[in-house]
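Got a structure here, written out as structure tokens. Questions coming.
As written, the chain order gives the labels A, B, C and D, with residue 1 at the start of each chain.
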Amino acid sequence: MIYKNYGNIISNEPIIKNFVYLMIIKEKNIANTARPGQFIEIKTGLIPLLRKPISIFEVDKEKETISILYQVKGQGTKNLSELTANEKLDIIGPLGQGFTIKKFAKKCLLIGGGIGIAPLYDLGLKLKEAGNEIEIILGFSCKETSYAIDYFSKLGPVKIATIDGSLGELGTVEVILEKYNFKDIDKAYACGPEPMLKYLKTLEDEIDLELSLEAYMGCGVGACLSCVCKMTDGEYKRVCKEGPIFQVKEVSFDE
Amino acid sequence: MIYKNYGNIISNEPIIKNFVYLMIIKEKNIANTARPGQFIEIKTGLIPLLRKPISIFEVDKEKETISILYQVKGQGTKNLSELTANEKLDIIGPLGQGFTIKKFAKKCLLIGGGIGIAPLYDLGLKLKEAGNEIEIILGFSCKETSYAIDYFSKLGPVKIATIDGSLGELGTVEVILEKYNFKDIDKAYACGPEPMLKYLKTLEDEIDLELSLEAYMGCGVGACLSCVCKMTDGEYKRVCKEGPIFQVKEVSFDE
Amino acid sequence: MNKLECNLGKLLLKNPITVASGTFGSGKEFKDFYDLSLLGGIMVKGTTPKKRIGNKPQRLVETSGGIINSIGLANGGVNDFINNILPETKNYGTEIIVNISGGTIDDYGYMAEKLSIDGVSALEVNISCPNVKAGGITFGTDPKMAYEVTKMVKNNTSKPIIMKLSPNVTDISIMAQAVEGGGADIISMINTLIGMAIDIEKQKPIINNIIGGYSGPPIKPIALRMVYEVYKSVNIPIIGMGGIMNTTDALEFIMAGATAISIGTANFVDPYIPLNIIDGIEKFLDRKCLKSYTQIIGAAHR
Amino acid sequence: MNKLECNLGKLLLKNPITVASGTFGSGKEFKDFYDLSLLGGIMVKGTTPKKRIGNKPQRLVETSGGIINSIGLANGGVNDFINNILPETKNYGTEIIVNISGGTIDDYGYMAEKLSIDGVSALEVNISCPNVKAGGITFGTDPKMAYEVTKMVKNNTSKPIIMKLSPNVTDISIMAQAVEGGGADIISMINTLIGMAIDIEKQKPIINNIIGGYSGPPIKPIALRMVYEVYKSVNIPIIGMGGIMNTTDALEFIMAGATAISIGTANFVDPYIPLNIIDGIEKFLDRKCLKSYTQIIGAAHR
């Protein structure tokens, strides 16, 4: 079931001002039904016209809240960052398919690049609940623009890479993955920028991997066919409906 | 000289909530040069695109402020009503020609209908400074939607008409004007809705009258030729440049 | 009598509010939001003789307060529609209007015949696609080709046919008259305007197909003007669309001469907009003491 | 070298930022705001052979994030322009481009000859007006008439001539090729799209003339697409316009193929927009380490 409801903003705090924010929204129906990997579509103001897809960062069923972790990019996310507690938020959700959650024999690995870490935290919580051990690899541009590491530390050991080397290893998550021992890992999940996903595609035979993809969305509910991504069989699938979670082997990054 | 400056909002108070507001703006250059009857063009937000023309209600040269009295009609004036003290306001002004101000032999009469009273208050103050005695006629729809009468009472005796008769006489300013004794009046000034102006036009031989007109404006500075009104000689004049103040004998309301 | 009963000649709708092709899928995707039988009709996503996978992404972008799309008529083909989609849409309790596109005039005839079946209330003929046999000129920009398509569809179906006009023409009235001459029962208008957007950082068009169809609020004044012109030029009813977001917009189209209206891009912004408009028009009629919305069709011409 | 030096063939501008005809008067009205010599050029308000008082108001309305205007070419006539306006504009220190309109082809010839005088840097020929001898068809919607107007102007002046295209056509490239064939030195585009708006309370068109020219941000994607198409179709330079509000918009037009750009409706919103754009383009060039903006003209085609 998809809901279009007005949530109530509980808080909207900068993690890094003008850059990354965490917003907690009270909305019963979505909090009760959302699964990790799903997203919501938010009407951020008069302009932009379109809603903006944002992943669910965390769910609190008891408090009937969901939270989102978002990065200010353009007008829509700027609008979001200017909202304050007690304002209403027009949201549609939960949307899309979630990640696979079950008890795996070996460990799970979460791989996040930049704001791509957003859908992975709730996933980690639910994987842990299911009895899994978790390892995490996160990539940022630099120490100053890294965030939410404390959240992931609660899930398991975190390895970090930054482009300028100011925190963790120098480089992208690639430098960590290149020397990573996948023997202990049964399942990996990743979300991040396109170059990262393309790199992960090269590991498809080494590791069982689910990706959360992004695509420009019109409707968010599967009607407009704008958000498609190419599959290895040559067909297009809708990121908003069949996705945003895909098996790495399904997707094709060749143009 | 026309300025485009950011004024600082000192206050923006409802006189009648969601209906009529008084805003005080600190803007030195406009406060120092504006004459009664002139107006400013305000950028009220992203949308509407166009600036909105609003008359100057009062000027305080010492405090370097101007104030505006405005009625909420659509998006632009709604935006205005939502602004708060210390916000910046993007304004262009002072624009247009002012009313004639000098010492007259006999009294001056101010005639205002609805929000048309806005440009008349500063006029009254300046006429009084010039040594004139002033009488005032104001029209509103009803008592509840009448406002700013206290301001005009400071200028001289005020007569009021309301459409429903809940305050003053029953009817429009016409019912007062019909039986008015113009003998003591040297000069009259009016601003209000079109039917009122059309009625005043019929008095053009009885009384020396200046009108403040409205017209839909594009640029506000005389460039686009959208704000024209017809003159008795068949020519069009620009309300934003040659106006908004015209002699009643100049203007034509035919068609 | 129902104030909103909508008579489009051969096609009767319970109210004049429909949803536009390509913006509502087949309806299925909106079933969670409300009972689809509340709608006057659903124009389903464009169908073609054969399956099409559509254009390479990026297929859509917001720009200038509207959107540009170039989906490339992705769809499963007419057989897939008949076998897999129609059985479900039959149960929606609203008129199902099938939007058809082709690359040749024969394609249109083939589709019309195939779709002359139960469950299809009318055919909406999208002529904003290139004629592959005429060097890619769009059917909908040439009055003769538009006439030929209309006649071909007419000859192959007894369903009401709605010809959907492209706004990318010099004289919309000539196009309207051409399709009326070809036997159109109804005109729907407008399809999208051709637009583009450039990414200044990449120095490249944003949409992979370079150009795309521009829709949403920015196109309303153009659509409204065209409906106004066409109302004067033909005697068949018009389904007006182009940037309708609210009751005021819808009433403007009706006053310009539209007998029904269609909601497109607005469905992405708020799926409840069609229902809000139905409600809003009823309230407007009450406020103006009107017995039927038909009293204001074309009112701006008086 | 100056990074913004703009070469339009026979016409050289100090920078590619001009202001569009009808939105800037003759410049006088904006002198309080800034030194007009900072502009690449001023397209002055449309001039006609005889004085015109223009249309009955309401002449302008905001709608859908843009504006619709129908001023009706109000102006004092070409003699008034030469005697009363030109002497002043000569002192502005920028290129003065006179925008001319006529009701017959001869009108254009007459104007071109009259304006072949000192102080006029170029003629911009507005063909979005009806040909009174051809039943009111707009010159700019018929390639043959557009060609004839161009030739007539060309034969009557040695000034650079800029043909201003109307977007209300099926194929803008054909129009561009027609005026290039007629001898145009430069193309400016686009003029306004035809639009309308209705007052639902009065049930009447808002603009007294019923329809008007739609301009501002909403028309940008259409204008940009047309500039992109015309860039591929002709060999003369383009002055791009239509909804340009900021540096990004301006750069999009340049990357689509415009050698210069023109700011219209934006002047009403903020008179400093042309200067902000000059500044913004310089900063963009610095950021991208480019020596001249000419390096990005047409970049989106590569």
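One rule holds for everything that comes next: a contact is a pair of C-beta atoms (placed from the backbone, for glycine too) under 8 Å apart; a residue touches a chain by one contact, two chains touch by 3 or more.
Since we're looking at a predicted model, the values are computed, not measured.
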Intersection of the contact lists for chain B and chain D: none
Rounded Å distance, chain B centre to chain C centre (Cα mean): 47
Inter-centroid spacing, chain C versus chain A (mean Cα positions, whole Å): 36
Chain C-chain D separation of Cα centroids, rounded to whole Å: 34
Inter-centroid spacing, chain B versus chain A (mean Cα positions, whole Å): 56
Residue numbers of chain B (touch at least two other chains): 47
Touching two or more other chains - residue numbers and ranges from chain D: 65-66, 217
Touch-based graph of the chains, sorted into line, ring, star, complete or other: ring
Pairs of chains, among all present, that meet the touch criterion: A-B, A-C, B-D, C-D
Parts of chain D lying in touch with chain B, wherever the complex brings them together: 22-25, 29-30, 32-33, 45, 53-54, 56-62, 65-67, 69, 71, 74, 216-217, 265, 267-272
Residues of chain B that touch chain D when the two form their complex: 1-4, 43, 47-51, 90, 92, 215-230, 234-236, 241, 255
Complex interface listing, chain D residues touching chain C: 63-66, 68, 141, 168-171, 193-198, 200, 203-205, 210-211, 214, 217-222, 224-225, 228, 243, 248, 251-252, 255-256, 284, 296, 299-300, 302
Sites on chain A touched by chain B in the complex: 46-47
